[in-house]
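Letters A, B and C mark the chains in the order given here, with residues in each chain numbered from 1 onward.
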Amino acid sequence: MTTALPHTDVAPVASAKRRRRAPGWLAVLPLLVFTAVAFGLPAIAILDGAFTAKDATTGATSYTGANLTASLHGAYLTALLGSVKLSAISAVLGALLGLPLAQAVAGSRSRALREAVLTASGVLANFGGVPLAFAFVATLGNAGVLTMHLGLKDSGWNLYSFWGLVLVYLYFLIPLMVLTITPALDGLRAQWREAALNNGATGAQYWRHVALPVLAPSLLGGFVLLFGSAFAAYATAAAMVGSAVPLVTLQIADALSGNVLVGQENVALALSLDMVLVAGLVMAVYLPLQRRSARWLDA
Amino acid sequence: MARRLTPWRWAVLGLAALYFLVPLAASVVFTVDDPDGISFDAYTRILSTGGFVSSLVLSLELALATIVVVLLLMVPAVVALRLGAPRLRPVVEVVCSLPLVVPPIAFVAGIVTVLKWGPDHLSRTPLFQTFVAIQNPGFPVVLVLAYVVMALPFVYRALDAGLRAMDVRTLVEAARSCGANGPQALVRAVLPNLRGALLNAAFLTLALVLGEFTVAQLLGYQPFAVWIYNVGGDQAQMSVAVSVLSLLVTWALLLALAGVGGGRNRTAPSRG
Amino acid sequence: MTATTLEKAATEQAATVEFRGLRREFGATVALDGLDLTVRPGEFLALLGPSGCGKTTALRMLAGFEHPDSGAVLVDGRDITRVPAHRRDAGMVFQSYSLFPHLDAVDNVAFGLRMRGVRSAERRGRAAELLELVGLGDKGKRFPHQLSGGQQQRIALARALALRPRVLLLDEPLSALDAKVRLSLREEIRRLQQELGITTLFVTHDQEEALSIADRVAVMRAGRLEQCAEPAELYGRPATAFVAEFVGTMSRIAGTLKDGTVEVLGQRLPADGEAADGEVDVLVRPENLRVRADAHGGAQVVATAFLGAVVRLTVRLADGTEAKADLPAHEAAGLGAGAAVSVSLPERPVLVATRTRN
């Protein structure tokens, strides 16, 4: 780690040690090498595999676009679109429901309430995966506590459905939105509200013409983050619905575990590439928005 | 302007509390519900169920290894960015953001493919032994590699936030003008000030590893999250009981962290 | 940079502002403890006081952001205490960061007109006019983060004037700026205010700022008005010891009061101010304290500070108290730290106050 230290001529210590200035990139090198191997190899494997076809009889491989084409047709396309639809709807709902909750907290004078809600959000935003699925199964599943007590079954309720998944996803998406948007709400300065009122704006006009436009990049950024999170989610869906709802993550898992026809691994890689492209698009939208809102709110 | 707890605020908070507390309460009810009344059988059975201890131990070992590796890689790098190599910042930033673009399921698909290269292409080279070694079921190093990659974005963000709050260069120069040598300056002046950020990073990594399901399941290992999934099939009550417990553990860890480090960055990796 | 005829129109209808018995408590702290104050039409009045004295609270009550527990705010005799903030005729400039970050300078200035439903072309024209007025005609397309602190405050000033308010409220608008900008902007605010003739309240904790810019200065302390007077009177004839010491530099020298005269530094001088006969403090401005080299004077210079035209000496008197004295630089030449001196006062009435130390 000494390599990263600057050399100081003015150290008043008697034995002023003169060090050769070791370049700082030596300290960064292990990280770069590590990611090149642990991340780079799988990434190359996805890219390579997505464009490779293996002849079942001869074992010879050749490059082809057939996998990608296949991944955008039939059941795979349905799954991809299903994932996009599920993520988009959950993200919109998560953003719309998270905003008022965050505002209820950010606008409150009570520090205790604020700390409690933010800490709870921190836990709940991480409460995804298998435990979340089981908690909802216990609550609203076929034998769930609420299902039984409220007789939901007769009214056609089914947790293992598209809207069931949306309901479950919101459980970690709303807290994620609260965590994302609260700093932005805190960044809304009291002076802006007062300056708006001073200029003859009503409370509603302040929200319409100042607060929401200023928050817009953060809101959109939050939505995009939620979308990415829902899109990548696998554990919850796997533990809850199996393959009752077509999702791209479930398709990839099926193909990898050999639950479907042999030789589908390359299609799984092509689907993975599709996902990477969607996620990349999400980040490409998110980062500039993040930067803009930081400029407005931290200045 | 004075802002009070207005009715709409109470309504919003009330509805939120309802939505977030009911599944928890219902889960607890579900686990203690018994034809004869209330029974904590589901909880007592956890310990005696095969695989509970071993999977939990495996998860904790993986978490510990991941935390050590990710911090050893990241701390020198981010400190160096502040001190000697600011021009590398965009590179590191991009490297640490890339894992966000590759969803875990896609990442594991890539890993599975790479691991197949072993038997397919490398069976006669020494590298093959490496491939076998990292897949040792007793302690799957490959999972540590994957988790370190998945933790990079969050660890980077946590450390960067911690470093931004202080002037590393001045700190190091002040320490050195007081007679500390390079490593001393780093260990005695910089790291103590990074304590909160290090704890934060460690917690985020811990949360990630304890809850990680996708990669472990598809690579065929059985750490804690996979174990819960596997027992869920035939022991519904107990799997819910474990879920409730795992939530409580996460909560306790986060509160402990908030108490120790005053952690700010609560956006832990989502693992839906 | 001249006021348009539109602006001049304001002069004829400059408003009178009255605070009547304003009282406001925040929990245990009393922000305003019965404030009575009248601002004359077209006057530039500075509200001066230490932080927490209630000056900002008073201003915010006029703007409608705070509400008094009791008392009333009147503009031209009309009680506006219950009028909501967005319907008051008062333009306000905040301490800092009050510009809307998503709007450029023109749209910031035109914001109020937009709220009133003024057509786009008309409000942009008016905004451009106002930007011209504050000397930023060429910065209309800039966003707040592209402007310096001083420029942002000018735009905030233009925005505050956009709706042609009857009263202009300035809440420490210069405190976030650096010294040089602060000086030039305060002169410009003053010039603009005189051109427009608009009744203006200016909150500040900087006494020099208040004295240099205002027609009258109201010194506040603990939610009450201590004195409201023109700057020269405030400085020369402070009504209370608090005003005397808050405005300008003031030294306390021990004296004995008897029958309206005070015995101080071996002199007997007529006394002003409220104090009971006996041991008192005489309040002395540094420019009024005379210092002369004198080996047997009983006083000693302990420190000197060069201030340009004058040198400020800190002198330890025979009884151990310290006093400040300003001497022209050439007179102070021989008086370094350690020099023995004698100290005297001019033969004029002095201000006395109750002894505060032992």
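Heads up, the rule we're going with is that a contact is a pair of C-beta atoms (placed from the backbone, for glycine too) under 8 Å apart; a residue touches a chain by one contact, two chains touch by 3 or more.
Computed from a predicted structure; not experimentally measured.
Engineer: Identify the chains in contact with subunit B as well as subunit C, in label order.
Structural biologist: In this structure, the chains that contact subunit C and also subunit B are A.
Engineer: Quick check: which two chains are joined by the most contacting C-beta pairs?
Structural biologist: Counting C-beta pairs in contact for each chain pair, the top pair is A-B.
Engineer: Between subunit B and subunit C, what's the gap in Å when you average each chain's C-alpha atoms?
Structural biologist: The mean C-alpha positions of subunit B and subunit C differ by 56 Å.
Engineer: Express in whole angstrom the distance between the two chain centres, defined as the mean CA positions of subunit A and subunit B.
Structural biologist: Their C-alpha centroids are separated by 15 Å.
Engineer: With chain centres taken as the means of their Cα atoms, state the distance from subunit A to subunit C in Å.
Structural biologist: Here the centre of subunit C sits 53 Å away from the centre of subunit A.
Engineer: Can you tell me which residues of subunit C touch two or more of the remaining chains?
Structural biologist: Each of 65, 85 in subunit C touches at least two other chains.
Engineer: What residues in subunit A touch two or more of the other chains?
Structural biologist: 194, 197
Engineer: Any chance you could list the residues of subunit B touching two or more other chains?
Structural biologist: Residues 1 of subunit B each touch two or more of the other chains.
Engineer: Okay, in this complex, where on subunit B does subunit A touch?
Structural biologist: For this pair, the touching residues of subunit B are 1, 3, 5, 8-9, 12-13, 16, 19-20, 22-24, 26-27, 29-31, 33, 72-74, 76-77, 79-81, 83-85, 88, 91-92, 95, 97-114, 117, 145-146, 148-149, 152, 169, 172-173, 176-177, 179, 181-183, 185-186, 207, 211-214, 217-218, 225, 228-229, 232, 236, 239-240, 242-244, 246-247, 250-251, 254-255, 258, 266-272.
Engineer: Under the definition above, what is the set of subunit A residues touching subunit B in their complex?
Structural biologist: Where subunit A meets subunit B, its residues are 1-6, 8, 10-13, 17, 19, 21-28, 30-32, 34-35, 37-39, 41-46, 48-49, 100-101, 103-104, 107-110, 113, 117-132, 134-140, 143-146, 169-176, 179-180, 190, 193-194, 197, 228-236, 238-239, 249, 252-253, 256-257, 265, 268-269, 271-273, 275-276, 279-280, 283.
Engineer: Within the complex, which stretch of subunit A touches subunit C?
Structural biologist: Those residues of subunit A that touch subunit C are 189, 191-192, 194-202, 205, 209-210, 213-214, 216, 295-297, 299.
Engineer: Please name which positions on subunit C make contact with subunit A in the complex.
Structural biologist: Against subunit A, the touching part of subunit C is residues 63-65, 84-88, 90-92, 94-102, 111-112, 114-116, 144-145, 156, 159-160, 162-163.
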